[in-house]
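For reference, the structures are reproduced in the following blocks.
What follows is a pair of complexes built around subunit A, which joins subunit B in one and subunit C in the other.
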Partner chain A sequence: MQRSKISAIMEKFRAVVDKPYEKLKQWKETNKKKIVGCSPMHFPEELIHASGMLPVVLQETDETITTGFSCIYPFFCGITRNLVDIGVKGQLSFLDGLIYADICVQNRTAASILRQNLPAIHVEFAQLPSSVTRKGVMENTVRELDRIKASLEKLAGRKIDDKSLKQSIVVYNKNRSLLRRLHDLRKGNPKLLPYRDMQVIVQSSMLMPKEEHTQLLEKLLAEMEGMKPTSVKGSRLFLSGHLCQIPKADILDLIEGVGGIIVDDDLYTGYRYYAIDAELNGSPIEALAKRHLEKSLPAPTRTGLPIRWEKYIVDRVKASKAQGAVVLLVKFCEPHLFYYPFIKDALAEAGIPHIMVETEHEVVSLEGIRTRLQAFMEMLR
Partner chain B sequence: MVPTFAEHRVLDYYSTLVRKGAVTKVAVGVDIGSLTAKTAIVDLNSHIASYKIIQGKIVDEAAAIASLNQALADAHLTQAEIGFLITTGYGRNMVSFGDKSITEISCHARGAQFLFPGVRTVIDIGGQDSKVISLNGEGSVINFAMNDKCAAGTGRFLEVMANALEVPIEDMGALSLRAENPATVSSICTVFAESEVISLTAQGRSKLDIIAGIHEAIGRRMHSLVNHVGMVPPVVMSGGVAKNVGVVRVLEKLLGTEIVLPSEPQIVGALGAALFAMDELKSKSIS
Partner chain C sequence: MVTQVKKANKLNSASLIGQMMTASFADIKRQAAEGKKVVWANGLPVYVLARAADMPVLHCEGLVAGLSAKRLEKPFQDAAEAFGLLPDTCSYARSFIGAARITRGDYRLDPSMNQDLLLMPRPSLYVNSAGGCGTGRPWGEAMATLFNVPVYHFEPRFLWHESDLKDSVADFVRQEQEFISLLEKITGKPYDWNRLKELLVEVKRAVILRNEAMKLCQHIPSPASFFDWATNIAAVAHLIGLPGTGDLLQKTKDEVEQRIAEGVGAVANEKYRLYWDGILTWGKIGVLANKFAAMDACVVAGAYTHLVWWPRPDLIDPEKPLESIAYNCCDLVLLHSYEHRIKVLSDFCREYSVDGLVVSETQTCRAFNSHAFMIMDGLARKLGIPAVTIGGDSCDIRFYSDAQVDTRLQALLETIEARRKVRQI
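Here is the complex of A and B:
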């Protein structure tokens, strides 16, 4: 009975994630509300939420890149090329606004291509600082968020006051805290749901109205929190990597299919998305700036954080009692590629075995990956 | 003195035991590769009872069964004597038989450790996969790297080149040793390399030089893969390409170390699988 209730809730999450842009188009027609897309990783969705519009975090689809080939370099990462491609094909035309936040050079290029090709959509580029320690960085971040806020107010046709922004932060904090609860619950009982489903839950949180997602999540937790942990055979793994991009579900299934148990992660569509809340005291825009700067998790798109990414990964692997780590690296993701040698060395130094799986937008050789993953599990035993 | 594979073969001894009824169960490893199927059989004392290599189609279950049956027949055994059977290789999960499957990475490491105890690096170049396996000296895999993008630098690469040059694949190794000025051939893509070979032929380059260039391309490719895991001698080479002396020499030169070769390099994965099957068999009999 409990399992069937869980399945029913999961189906609702899955329905959102499956062909997300088509669903959002339908949602807009039904709800007569504006939708603003934002690039993954850094932009605070709360700002869009407070304007009364629906914020959605853009996600990669598996569509073959065709028209977009003429707009963007083939040596750019999958999500960058994919979003440009589906954008120029008109599949993002349901968006009223599109906000790119600075994370890498490729992302900047995509923003300008889409601005040029989608004249009907209000495209913004948020220049959020990558250095968190530079002098005056807090003021700069607040100024930039204020600028975007004014732009969103114009698009929404209404003011975003501190009260509504604070309320949005409450809504987002609530959703994040529930996701953390689920994360912790699953960490203690990985059999609770496959990691693929955990991904579905996080990805759907980025696409559907937060309040609705929170309601579903509360129901799911109510069912799951009473369940007894099931014993599980296999090797405990920490999953690291994929920043902007959602991991390929086939690869997640392969990991779990060959006996890996993903107990913890630092993926953007994972722990990174819900790890940190924004503060509720003081100015809400400053709270969002602070979340972006001082409280952000180590990432290769930031500099000056108190702990380096590779050290953070080692600490998290140890804390999760994982026997090894799987690093998912998106082909042509320059920030991650820059850090990977450090990550590789840090894991080796800590005596943590790891395997790196490079993924790309185009189909990858799953059988080869299966062999590598299975051999990695055999090595861990 | 490191025992060679041939010295492990104890067919006569084995068939005598079978005839006397002294053998009850054996452990079997079947390596279903992309181009060949291999079976190795070991007894409870870890003696190799027999082995068989059959050339088949791509992931060919019929070839796998044929290699199994012929290996059983060679050792005067029947399927009834199989105590545990482990499949490995590219087709390990695609055949309808077997008690368990283990990757070729673990199996090549196990097989190489059995034949050459203390081995630290295994280079396996099979039909469509090439891998470098790092061992801790006691038989445990500590790292590995595998070609994950294309078949350049594999047995299939050599087959395509042999066809393009109209040279029997088994002659390529010896021919390349007679080259005077090896040609430069791409190590990135089999299809592009084939075009290069055709162009070089049209330019009048000798077959010997082109073959030597092909071997150097494989060597460069594998050298890069070896660097992923770091090379520690002794180095053992397994897989069908280890039978190509030209590739072995190029690799030895690039790596700056001698490469130890089993007398039958194609069987190392199946042997490893059989030894894992033996572990299972023993643990079953204990429990």
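Here is the complex of A and C:
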């Protein structure tokens, strides 16, 4: 009975992530509300939510890149190429606004190309400082968020006051806390939910109204929290990397298919998305700035953070009692490329076996990845 | 393969740059041996601030570009790849991280190699000022971690709206002030503002001389080529503010003027005038210069040579050193919008009588390739100028293919020729 209820809820989440932009177009027609897309990683969606518009985090689709190659080289990362491609093909034209946050040069390029090619859409670029310890950085972040807020107010045709922004933070904190509950539940009982389903839940949270997502999550948790842990055979794994974009389900299935049990992660479409709440006391804009500067997880797109990413990964692997780590590296993701040697060395120094799997927009040679993963799993046994 | 019968007529003064670079690296090592704290820096020459604090500065791109031009970069890249850096990583950064690994002793050089050339003095500070490129951030963090030294990241704003420049400059000045405090902490001495002003006088002289010399290439035939100016970048980058740089650029300008007076061109029989957008494959600079010359094509100007280093000499005021540096780091073509880039490029094409555009597809540099196709398309629409991309990479010759360059260059020149015939009809 419980399983069928869980399946029914999961179907609702899956319906959102399957062909997401078509679903959003339908949602817009039904609900007569504006939709604003924002780039992954650092932009606070709460700001868009408080304006009464629907914030959605831009997602990579499976579409083969064609027209987009008239604007961008093939050596840009998958999500950048894909968004430029579907943008120039008109598949993002239903959006009312698009906000990119400065995380890397590829992201910046996509923003600029889409602004040029989608003149009917209000495209903004949020320059949230990447150097989080520099003098005056808090003032700069607040000023930039205020500028974006004013821009959103113009687009929405209404003011964003502190009360509505605080309310949006409450809504988002609630959703994040439920995702963390689910994350912890799954960590203790990984059989509850295949990891790819966990990804579907997080991805759908980025695409649907948060309030609706929260309701579904509450129902899901109510079913799952009553279930007894099931023993599982396999090797406990920590999944790291994959900034900005969701890993292909095929690769996640491969990892679990060869006997890996993904118990914890730091993916953007994973723990990174819901790890940290914004504060509720004081000015809400300052709370968002503080979340950006002082509270976010170590990321290779930022500088001056109190702990380096590789050290953080080692600590998390140990805490999750994982036997090994799988590093998913998006091809051409330069921030991650720079950190990989340090991650590799830190894991080795801590005695944690790992395997690095490079992923691409076009999935190539799953068999090759399967063989490498099988060898890795045998090593862990 | 094109039969090369004609060679590029390179500027004689360009060869002096190599000697000055070698002397400069030797001098940095000498100063380090005497106990001075060394700064390693990437990107834009905001590091003159450290020179005024009497700290020797090693410019990473300057070093690896110079070694790549001599085809000596491979040990650096081997060291980086042994560390785990994949070949998709920026090859400037990759090479220099390899240099860092060698300096740390993590990667042993073959004893037959020139150890003196490849071993750098360890830094006490790292400065990232990669301008329009976000790659500088993780690059700087990597260096600081490897040497356990402080890193300062300069962050000019992307000029999403043209009006953002004023804010960006004001913010950059605040960063310079913070950086100077860090320099004072490291050196244990008060900052030498008078020395900075003196340096800015030298910078202004050098940059203006170089710009004037480059502008003389509007002359037909062009007395020098993009490849000369590429070699010459070091004079306004790594060598900026060092003794002898201004005099070297005066010699360069004199040589260019003399060529004009004598009717001598950089290409013996200049039939096509081209513009180069992007970085070039340093390891092929000589090959490329000769290849273009063999086809009677002169690359008369380029973005990397003409628009990146000190783009606003008119705003260098030694009495306002921080603002002067800020304008020259913030008002950078890579930080501007596509519309601005098209406007600047169109002006260049008109002023330099450009027939065609060569876009260097620098495989591991996403910053310079950000709008390549849109620029090609935009320029064709605006001025009817054809364009072609050629593959390569700044410091990794594995991405370069001679045959591909030959074919594409031939196609570009044939297109230019066909257009000329149409105009005659």
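Things to note:
In the analysis below, the second predicted complex is superposed on the first by the 381 of 381 C-alpha atoms of A that agree within 3 Å, B and C clash if a C-alpha of one lies under 4 Å from a C-alpha of the other, contacts with A are read in each partner's own complex, and residues count from 1 in each chain.
In this text, a contact is a pair of C-beta atoms (placed from the backbone, for glycine too) under 8 Å apart; a residue touches a chain by one contact, two chains touch by 3 or more.
Predicted model only: the values in this text are computed from it and were never measured.
In the overlay built on the shared chain, the residue A:112 is in contact with subunit C alone; subunit B does not reach it. Legend: residue contacts after superposition of the two complexes on their common chain; A:222 is shown touching neither subunit B nor subunit C. In the superposition on chain A, contact is made by A:365 with subunit B only, not with subunit C. Judged by the number of subunit A residues each one touches, C leads among subunit B and subunit C.
By the touch criterion defined above, A:303 lies against subunit C but remains apart from subunit B after alignment on the C-alpha atoms of chain A.
Applying the stated contact rule after C-alpha superposition, one finds that A:374 touches subunit B and leaves subunit C untouched.
In the superposition on chain A, A:76 makes contact with subunit C only, not with subunit B. Residues 358 of subunit A touch subunit B in one complex and subunit C in the other. Residues 353, 358, 365, 367-372, 374-375, 378-379 of subunit A touch subunit B in their complex.
Residues 70-73, 75-76, 102-106, 108-109, 112-113, 116, 124-125, 127, 129-131, 134-136, 140, 300-304, 308, 331-332, 334-335, 337-342, 344-345, 358 of subunit A are the ones touching subunit C in the complex. Partner subunit A is touched in their complex by these residues of subunit B: 90, 93, 102-106, 129, 140-144, 146-149. Against subunit A, the residues of subunit C that register as touching in their complex are 83-86, 88-90, 93, 132-135, 137-142, 145, 151, 153, 155, 157-158, 160, 171, 174-175, 178, 337-338, 361, 363-364, 366-367, 369-374, 377.
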